[in-house]
Structures are given as structure tokens and as C-alpha cells.
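Shared between the two complexes below is subunit A, which pairs with subunit B and subunit C, respectively.
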Partner chain A sequence: MFELIIFFFFAVVTIVFALMVILHRNPVVGALSLVASFFALAVMYILLEAPFMAALQVIVYAGAIMVLFLFVIMLLNLQHQAEPPTRPVQQFLGFFLSIAFCLTLLFYIVKAGTIAALPSTPFVSDARAIGYALFEKYIFPFEMVSILLLAAIVGAIVLSQRGVSLDRRPD
Partner chain B sequence: MIPTHYFLILSAILFSIGVCGVLTRRNGITIFMSIELMVNAVNLTFLAYARQNHSLHGLVFVFFIMAIAAAEAAVGLAIFISLHRHRETIDVDEANLMHW
Partner chain C sequence: MAFDLTDIILTFVKIGIILGVMLNVTPIMVIIERRASALIQDRMGPNRVGPGGLMQPFADALKFVLKEDIIPAKAHKALYTLAPMFGLIPALTTIAVVPWGRPFVIPEMTIFGRRLFEGGRLFEPIVADVNIGLLLIFALASLSVYGITTAGWASNSKYSLFGGIRASAQMISYELALTLSAVGVLMAAGSLRLVDVVARQSGHFLLFNTIQIPAWNFLPMFLGFVIFTVSAFAETNRLPFDFPEAEAELVAGYHTEYSSMKFAMFFMSEYMAMMTMSALIVTLFFGGWDIPWYNEPPTFFGFLLSAFAFLAKVGFMMFVFVWVRWTIPRLKYDELMRIGWKVFLPLAVVNVVVVALLITMGWV
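Up next is the complex of A and B:
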């Protein structure tokens, strides 16, 4: 019962802040709302018996990635730039399609109902178990991800340095 | 113990909010943040099914998704910085360089 109250409270927090992200005009407010939404999602991960993933969510997402977003917003001085509204037909189609998509997903989830009874034994998903899985079975994807991150670092530096011409004509 | 389909419903709602943001906004960074919302909705689904099936594979996948989201955010934001330097805006409607 107590768990359910926590779940519903943080579910509402997650959804409200997620709506703030897409409805607020100011991108700084949007980024801070997204941080709040990620914190509430970390609570969900703890309810799902994955405390290590909750820690990663707070450190990597709410910490590192969102700081990068905020940093770029501040760097480009976007908080004063008024965003022109999208065309009404695009607004209508976007909201209509996403609400229809949401209702379809909800319909099928509710139709499937309770999938199966949860196993009664506790789920061991601490850092030790994940570490063994990562470095034994998933060692090859792990190394691939490290190479991908290196490529992303190099790509980000190359793209954001001065003197890269986006224009087609040489000048 | 909270049933798995509660988490699936929350995940579906979050994903739809992300879709709505991508479809209706013009600010490139807000579109990026909507994509992050969708990625997190998928992470929630992975973790819900990992608990349901008592399998660690879901958690390892979430780990990889987080690393890839970090890489994507770094490269995408670098592209927006570069775009802003040339066009003075990050409105995605203005980014028509590859438009024929």
C-alpha cells in the first residue's frame, strides 16, 4: 500500500514535469523540469529493485547529460530568444497523433492485463551482479560502447570548433 | 509489490509526451530533450520487464542505452552549436542545408 502511494505520487510528478518540458517556451525551464522528471524516474527504478540503475540515472542523466544541455542553452543565450510558434496545423496534428498513439498503447497494455504473477524471490540486481554480466557475457558490446563514446568525443570537438564551414560554397 | 503493467502505462504516457514534443516544437534543444524523455520511457520498460523475468539482460541494456544517450547528446549539441554559429538560430525549420 505504502509502495503504491509512492508510485502514484512520483508517477504524477514525472508526468507533470515531462509536460512542462514540451509546453514551456523557455528552454532553461524545460531543462530543469527534465532534471526533476529524471529524479522522479530514479525513484521508479528503486521501486523496480534496481538501485544501481537509479544511482546511474541520477549521476549520468540528471547530472552529466542535463548539465551539458543547460550549458549549451546558456552558451547560445537561448533563454531570451522567443521561439516562434509552430503552424496551427502542425500543432493540431502533433497533439492529435500523439494522443491517439498514447491511447492505442494504453488500450493494448490494459487489454493484455496482468502479464504474469511476479516471482516471489527478491531480484538481485546490485552493482556486483551487473558487473559480472557486463565483463563476462557482454564484454564485446561494452568495448564497442567505449569506442563509440571515444568517437562521440572526437566528433563533438570537431563539430563545435571554429572554422568548420556548413555552407556549401567555398569562401 | 507494484504490478508490472503500472510501469508500462507510465512508460507509454512518457513516450507519448516525448513524441508530442518532437512533433510540435521548433526549438532544436527542446526536441532533443523530448528524445531523452522517450529514451527514458524505454529504459523504464526494460527495467520493468527485467524485474518481471528476473533477468539481468534488461539492466545491461539500460546501461548501454545510457552510454549511447550520452554520446548522442554530445554530438547533437555540437551540431546545434555549429548551426547556431552559422544561422544565429537553432530553429529546426531554418536548418535546410540539405534541403534540395
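Up next is the complex of A and C:
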């Protein structure tokens, strides 16, 4: 009962703030709404007895990535200026695809009927279990992701160095 | 986990104690900060209100309440009002997972004809003993930047905006070093729970098989301790890293436009964050509530002794914060970034490797 109240409260918070992100005209309010949405989503992980994932959700998304987003928005000083005219084809495609996605999701939720309950045995999802899983069973995808991230970092440096001759750099 | 009414009441008592301490930290630290800075700079300091100037914080608080609460005309009103609260919430909540005394058994007693604590009940002086302890602290601490950044942006002033942007860049940079330098401690304890971290440090190291020295983490992990402490200064925006404020360059940085209680809330969250960081440094590196060369009895008396030991250590760390502020001048902004990324981050990785070596050799 108590858990149900918490679930519905934070579910509503998540959705309302997620809607704020796309509907609000001010980019800073949008970014802060996304932080609130992520934070409410972390509560869902706690309800699923995965506190470790909840902490990671807040640290990585709310604490690190969104600070960077906010930093860029403030640095560029984006104002809610008049939006450029959107292309009707893209608008239609976006609308159509998201409706299709929603319907597919709904279809499978209805088809599944009942939702599987959590296992009644103590559900282990602490840092130790996740660490063992990452570094033993899933070591290959883990290393692949790290190479992907490294490639992104190298790419960003190459892009920022384009057009800057190395001998004329200040300092 | 099954819990009854007694547990709920005990939790509320713990929250009450913690909140009482946290809210009183600001006035106490204000008078200490002002008198200590006067001592260091060879001045008198505030000494008019009350005996020896002890009532000065009350005068300051009264002034904050009575000042006019100004919202600039071009500010974003909602965010301008919310920003101080964003700052205060993480500052108030992070302390919940830090243990502040030795657990003791409350004996069964009869009050007003009702039997309480049947068969004795263990009182653990920690609000939330969760198994992700330290991660929760880092998660909430990483949210504290939003108060400053939002305040800087919502004020619609160039000085505030600079302060806010600096805060977000600085806090992302130093969070990495802060988190990595704590990894060594967690490796030695084998757990994220701060109760386990403290329990691991309650023993002794034997020097030359004769001299007992307390098994506090700052001895084997001195590098980690230094990196953590310096990063803690950067995370709490204290001098020499107070770039979001930087009164010589940015007037008053992110809270230039703030007045009255909203300004006081930024002030409070700064001192509360300082308290949390001090408590964290003490817990991770100085044995938490452990009293060296003494085995606290598992009674109420032992709990009181250990709680006072913890408070004394935290108090000393907070004095170090004040001491450093009035001793070391502010760095340059590029120096701050360079030290964070090119010195502390690699050193924190070195610390992890060194601690791993120590654990493998069985020395820690």
C-alpha cells in the first residue's frame, strides 16, 4: 500500500517533468526538469530493490551529464527566441513514429497481461554482484563500450583541433 | 525488513538530533570563522554583542530576517526563488548515511506503567544504514551544484552567470578526483557502507611488534587523504577554490543579487556542506567515532564518549577549513582546472594501485 503510493507519486512526477522538458520554451527550465525527471526515475529503481542502480542513475545522469548540458546552455546563453519553421515531412514522420512506438508498447503490455513479480528470495543487486557480473560475464561488452567512449573523446579532440595550426597555438 | 512503532520513533529521534546539529552549525561556524580570521589577521574581530562577542550570530541572523527580500525585475522569478532550496536540500540530507557514534543496546525500561524496548533494543546512531552508503553521498553531493548554477543563471546578471558557470565546471572536475580518492578506502573495507568503513579502522597497527597505532586509513592511504581533502575544498567552494564567489573578480559571484533569507540559505548550505565533508573525511580517514587506544563499552556511556569523539574530530576538520581559508590565497582559474585534471586525477589512480598493492601484501 505504502509502496503503491510512492510509486504513483513518483511516476506522475517523472512524467510531468518529462513533458515539461519538451513543452517548456525556456531551455534552462527544460534541462532542470530533466534532472527532476531523472531523480524521480531513480526512486523507481529503489522500489525495484536496486539501490545501486538508483545511485548510479543520480550520479551519472542527474549529477554529471545534466550539469554539462546546463553548462553548455548557459555558455551559449540560449534564449527562447522564435523557432525556425519546421519541415512538415519531418514533423509528420516524428509524430507518426512516436505514435507507432506508443501503440507497440501498449500492445505488448496488454499481451503480457500480468506483470511478473520480483523473486521472493532476497534479490542481490549490490555493488559487489554488479562488479562481478560486469568484469566476468559481461567483460566483452564492457570493454567495447569503453573503446567506444575513447573513440568519442579522441574524435572530439580532433574536431576541436581542426584548423588550428600546431605551431601558432598560444602558450 | 520488519519494523514497528519503536523503530519509527527512534528514526525520528535520530533525524531530530541530526537536523538540530546541522541547523546550529551555521551560527556556531559564523562566530568561529569571524573570530579565527581576526586572530589570523591580527585584528580584534566582532566583540561587542554579548560577552566576548558570543551573541554576534544572533545579531547576524536577526539582520538576515529583517532585510528586504529583493527579486530583480529581470530575474527568472520561479528559479530565483527555488535556487537556494536546491542548494539546501543536498546539504541537509547527505549526512544521513554517516554513523556518528558507537551502537548501544537500550535496556528494557518501564515508563508510566508501560514497558518500553522489550528485551533491549539496539540503537544505531545512523539515520539510514543503506548498503550503497558512500555512493548515496556522492549522488546527493553531485546535485548540490544545481543550487549555485541555477542561482547564477536566474539572477540575470553577468557576474552571477560567471559564478554559476564556473561552479558547474569546477564541481564536475573535482567530483572525479573526490570519488576516485575514496575508492582506496572502500577497497580496504570491502563495502560501501560507512559503518563497515568505521569498523575496519577500529583496530590497531603494530609498529615493530610493540607500539600500537590506531588503524586509521590516513596512514596507509595518505595520498588518497590529501586528494580527498583538497577536492573537498573545491566541492564546497571554499578558499582557495571559491571561484563561484570570487569577490575580487565577480562582486559576490552567484549570490550577487541575493539578499535577506535567500542569501542566508546559501550561507547555511555552504557551512552544512562543510560539515558533511568534514564528517566524511573523519569517517573515511580518521576512524569515524573511534577513540584511539580505548575500547568503548557498548553502553549509553560508550555511545556518548564515541559521539563526542566524532564531534571533536569533525570540529577540528571544520577549523582546518577556516584555517586554510584565511591562510592560502585564491588560485587562478586555469590553475584550478589544470591541478584538477592533470595532477589530482592521475594521483588518485596511483592511490588506487598503491592501496591494491597494500591489500595484496596483507599490510592493510
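Here is the rule we use: the second predicted complex is superposed on the first by the 129 of 171 C-alpha atoms of A that agree within 3 Å, B and C clash if a C-alpha of one lies under 4 Å from a C-alpha of the other, contacts with A are read in each partner's own complex, and residues count from 1 in each chain.
Heads up, the rule we're going with is that contacts are C-beta pairs under 8 Å (C-beta built on N, C-alpha and C of every residue); 3 or more make two chains touch, one makes a residue touch a chain.
All values reported here derive from a predicted model rather than from experimental measurement.
Engineer: So in the superposed three-chain picture, is A:Leu32 touching just subunit B, just subunit C, both, or none of them (first/second/both/neither)?
Structural biologist: second
Engineer: Which chain makes contact with more of the residues of subunit A, subunit B or else subunit C?
Structural biologist: B
Engineer: Considering only the touch criterion stated at the top, classify A:Met20 as touching first (subunit B), second (subunit C), both, or neither.
Structural biologist: neither
Engineer: Look at A:Ile99 in the shared chain and tell me whether it touches subunit B only, subunit C only, both, or neither; answer first, second, both or neither.
Structural biologist: Once the two structures are laid over each other on A, A:Ile99 reaches subunit B alone.
Engineer: With both complexes superposed on chain A, which partner does A:Gly113 reach: first (subunit B), second (subunit C), both or neither?
Structural biologist: After superposition on chain A, A:Gly113 lies in contact with subunit B alone.
Engineer: Applying the touch criterion given at the start, work out whether A:Ala64 contacts subunit B, subunit C, both or neither, answering first, second, both or neither.
Structural biologist: Both partners.
Engineer: For A:Leu75, select first, second, both or neither according to whether it touches subunit B, subunit C, the two together, or no partner.
Structural biologist: Both partners.
Engineer: Which partner does A:Asp126 reach: the first (subunit B), the second (subunit C), both, or neither?
Structural biologist: Only subunit C; A:Asp126 stays clear of subunit B.
Engineer: Looking at the overlay, does A:Ile153 come into contact with subunit B only (first), subunit C only (second), both, or neither?
Structural biologist: first
Engineer: First (subunit B), second (subunit C), both or neither: which does A:Ala55 touch?
Structural biologist: second
Engineer: Of all the subunit A residues, which ones make contact with subunit B and with subunit C?
Structural biologist: 52, 56, 64, 68, 75
Engineer: If we count contacts the way the header does, which residues on subunit C are in touch with subunit A in the complex?
Structural biologist: Listed in rising order, the residues of subunit C that touch subunit A are 76, 79, 130-132, 135-136, 138-140, 142-143, 145-146, 149-150, 152-153, 161, 164-165, 168-169, 171-172, 175, 192.
Engineer: Spell out the residues on subunit A that touch subunit C in their complex, using ranges where they run on.
Structural biologist: Counting only subunit A, the residues touching subunit C are 26, 28-29, 32, 35, 39, 42, 51-52, 54-56, 58-59, 62-64, 67-68, 70-71, 74-75, 77, 126-127.
Engineer: So in the complex, which bits of subunit A are touching subunit B?
Structural biologist: For this pair, the touching residues of subunit A are 3-4, 7, 11, 14-15, 18-19, 21-22, 27, 30-31, 34, 37-38, 41, 44-45, 47-50, 52-53, 56-57, 60-61, 64-65, 68-69, 72-73, 75-76, 78, 81, 83-84, 86, 90-91, 93-95, 97-99, 101-102, 105-106, 109-110, 112-116, 118-119, 121, 123, 125, 129-130, 133-134, 138, 141-142, 145, 148-149, 151-153, 155-157, 159-160, 162, 164, 166-168.
Engineer: Note which residues of subunit B are touching subunit A in the complex, please.
Structural biologist: Spelled out, the residues of subunit B in touch with subunit A are 1-10, 12-21, 23-27, 29-30, 32-34, 36-37, 40, 43-44, 47-48, 50-52, 54, 56-57, 59-60, 62-64, 66-75, 77-86, 89-91, 97.
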